[in-house]
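Shown below is the structure under consideration.
Each chain gets a letter, A, B and C, in the order it is written, and its residues are counted from 1.
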Amino acid sequence: MNRPLLEITGLSKHFGGLRAVDGVSFDIQRGEILGLLGPNGAGKTVCFNLVSGVYKPTAGQISFDGQRTDGLSPHVIAGLGIGRTFQIVKPFAHLTVIENVLAARGIAHYRNLPNIWSSWKSSAERRGALSLLERVGLSDLAERRAGLLPLGNLRRLEIARALAVGKKFLLLDESFSGLRHEEIAQLEALIRSIRADGLTVLLIEHNMRVAMGLCDRLVVLDHGRKLAEGRPAEVRANEAVIEAYLGRKGSAHAA
Amino acid sequence: MSGYLITLGTIIAINGIVACGLNVIVGFAGQISLGHAAFFGIGAYTAALLATKAGLSFWAALPLVIAVSALIGLLLGIPSLRVREDFLAITTIGINFIVEAIFNNFEFFGGALGIGGIPRVELFDLKLRGTEFLVLCLFFLVVVMVVCWWLTRCWAGLACFALREEETAAASVGISPVRFKLLAFVLGTAMAGLGGALYAHFMRFISASDFAFPLSVSLLSMVVVGGMGTLWGPILGACIIGVLPEVFRPLVDYRILFYTMLLLLMIRFQPGGLLGENSAARRVLAKMRPGGTS
Amino acid sequence: MQLFIEQLLNGLATGSIYALVTLGLALVYGIMRILHVAHAAVYTIGAYVGLLFFDLTGSLFLAVLGSMAVCALVGVAIERFVYFPLLKYPPFVPLIASIAILLSVEELCRLIAGPQILTFNATLPFPEFHMAGVTVTSTITAVYCITAAVLLLLWFITTKTELGLAMRAASQDMAVADAMGINSHLIVSITFVIGSAIAAVAGILVGIYFNQVYPTMGAIPAYKTLALIVVGGLGSVPGAVVASLLLGMAETLLIGYANIPLPRDALAFIAMIGVLMWRSQGLLGSR
């Protein structure tokens, strides 16, 4: 049970000549919140897309719970208990909020040919979806059309959907981006409660204060390579990291 | 009811069945198909061949007709659904032209002369004609609508809706895009095949030009004008598109022009369809309801 | 051998005409991602208006100019009144509108000019050649020269002028082009003007080449050109030209000369499906 939940070894993704991710390796332990940081273009979202199956790696391996997952399709990876949010929110706009969550809860049925013909309009399913909405604070908007929600609520909806799918592991892609102060605090509390339930979280975040405060450990990428890994305090003091963010002159000031 | 109205009603009912199938593909799953007439034709030719060359009754042939239409839908769907959205429209147009060319050029399908002498449908020794046949078509229309209604309530349908809205997000919640697009496509082509069988036994003579590209355009127009993705949209669309040319008949020479211009205006100003959200019709109805807009 | 060369030349001529018709479609798709089926309507109008002006003035030159002007106006009208307002809807909405426009124009032509086939008896002021025992008629020479001239002009505009640069920018990313100060909507309209003017020339050329002008002359080209831009690679203008030339030759040589029993008009789509299976982005398409 001490084996890491996610093991990334020598992961590379090349787009023609561009090495978006170049030989990155790190592990994520069960129950931890790991932050993936780095300046723009560092390869964080590409990493996410590799883990969630949107891209196939050019080289390297990804193992989830002991099982190789590199090269699997996104819907198969979702079926393994990995849920994700998107940096640019992707709600099912014409469906209602609760239908968005129900669509995610359907993961229990989609692979089973007889099952897909059973109804999703049962009260048991509704209750399950509502409890997820309560968790993220959207239960009174259940019948609202998702396309009409403001950004903050859409980010929460994405998390509700990801929770429905991710029984073990959550990938949060800049979920704090564009949120107001109170919303950020609420979301931090939510993610902590998710971890308290036993889930593991990998998040990409630009907001340094959130990342430092929320994450147990950090991995910093730059130009597709891993620059540093460790606890927030260690990483914050790491010269290479400071240089990557602030430039050479900046690191002289910061030291 | 006059014979003319019964004929019109029968054509509308048959078109409604085929349009419902197209609505599953386009409205529920969000996949464009501009070649649906080809599957209508495949159903018609299969029924015609089984009736005239194999001597099967309509009822015995029906499961085969639906199976063949579904199977060919599956075979053509697999490569088609892998291409980018813009390509899909053109690929389905291509399928329509190629299928029509096959029907037109091979002796097995009667070539340019088509297939004639298709017998009427018999039920308990009674040959169905006129009103009775219309009732038969309406019966199948109800069956098809019940299937569509059930689809909206089951996980398969929800998966299709999610896919239509946002394919990447749908995949991230466990929905296999290929599997569910194919499912919608096969259901749609099966329904078209059913309509084709009814058409063959109604007209009793079919030829390739009955299933050409303009019909695919009409069918898509029915779905869009009525309201894509709604349950009653294709039926409403079939009624409107079926009735319009007749309404304009007094205009004699100008009727096709009026019909196409009206289609243009409808698409230009009500692209969501008459039953679609935000349509003028819906807004008027909402104001009429107590409590105002939804 | 002589027959083969004749057919080869015919095929190249047919291909050139396809290229002229497809060019406008490819340009519009490249910049607006809309399948402008109504382009065939513009082409039909070009043929009729060209014939009308020729009958009125006796001058082919004036006929071509007048037709190009009329078609440019029609093209821009379609873009501004139909396509632009529908941009926010899924792509098949403008497609249905486009098809409706094509059908309406066919009907209008039928009502105004009559359903019969009209003749376009003009001699193109191009020389006749004799080579290898084959006569290259002035019409065929005209087709080659005009196509080459149009392609050259288009190449010059898109690669050597600021307008061309703006067109290429807008077709890659319209939002960014707007941010750079390019008036994207104007660029789009200019693209329609260019494409429609070329369609006018193509319509007149076809009218003279086959000596036929009739209301439904746009129907087959409408769908064949769709297949051609797919084969060439959606968004690739050179691809569309190459595909058109190849198809013209394939149709004439395979079916006219070698008598392969495939329906001639379905060949475009069969080729399209074949190419798509082999290379899903088309011959010269990217990604």
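Criterion: a contact is a pair of C-beta atoms (placed from the backbone, for glycine too) under 8 Å apart; a residue touches a chain by one contact, two chains touch by 3 or more.
From a predicted model like this one, the values you see are computed outputs, not experimental measurements.
Chain centroids computed from C-alpha atoms place B closest to the centre of all protein C-alpha atoms shown. With respect to chain B, maximal separation of chain centres occurs for A (centres as means of Cα atoms).
Distance between chain A and chain B, defined via averaged C-alpha coordinates, is recorded as 42 Å. Centres computed as Cα averages put chain A at a distance of 49 Å from chain C. Note on chain placement: the centre of chain B and the centre of chain C lie 32 Å apart, centres being C-alpha means.
In chain B, no residue touches two or more other chains.
Those residues of chain A that touch chain B in the complex are listed here as 52-54, 73-76, 78-79, 83-84, 86, 90-95, 99, 102-104, 106-107, 109-111, 115-121, 161-162, 164-165.
Touching chain B in their complex are the following residues of chain C: 33, 35, 81-82, 85-86, 89-93, 95-97, 99-101, 103-104, 107-108, 111, 223, 226-227, 230, 234, 261-263, 265-266, 269-270, 272-273, 276-277, 280. Residue ranges of chain B in contact with chain C, taken from their complex: 26, 30, 32, 34, 79, 82-87, 89-91, 93-95, 97-98, 100-101, 104-105, 213, 217, 220-221, 224, 253-254, 256-257, 260-261, 263-264, 267-268, 271-272.
Residues 150, 153-156, 158-159, 161-162, 165-166, 168-177, 277 of chain B are the ones that touch chain A when the two sit in their complex.
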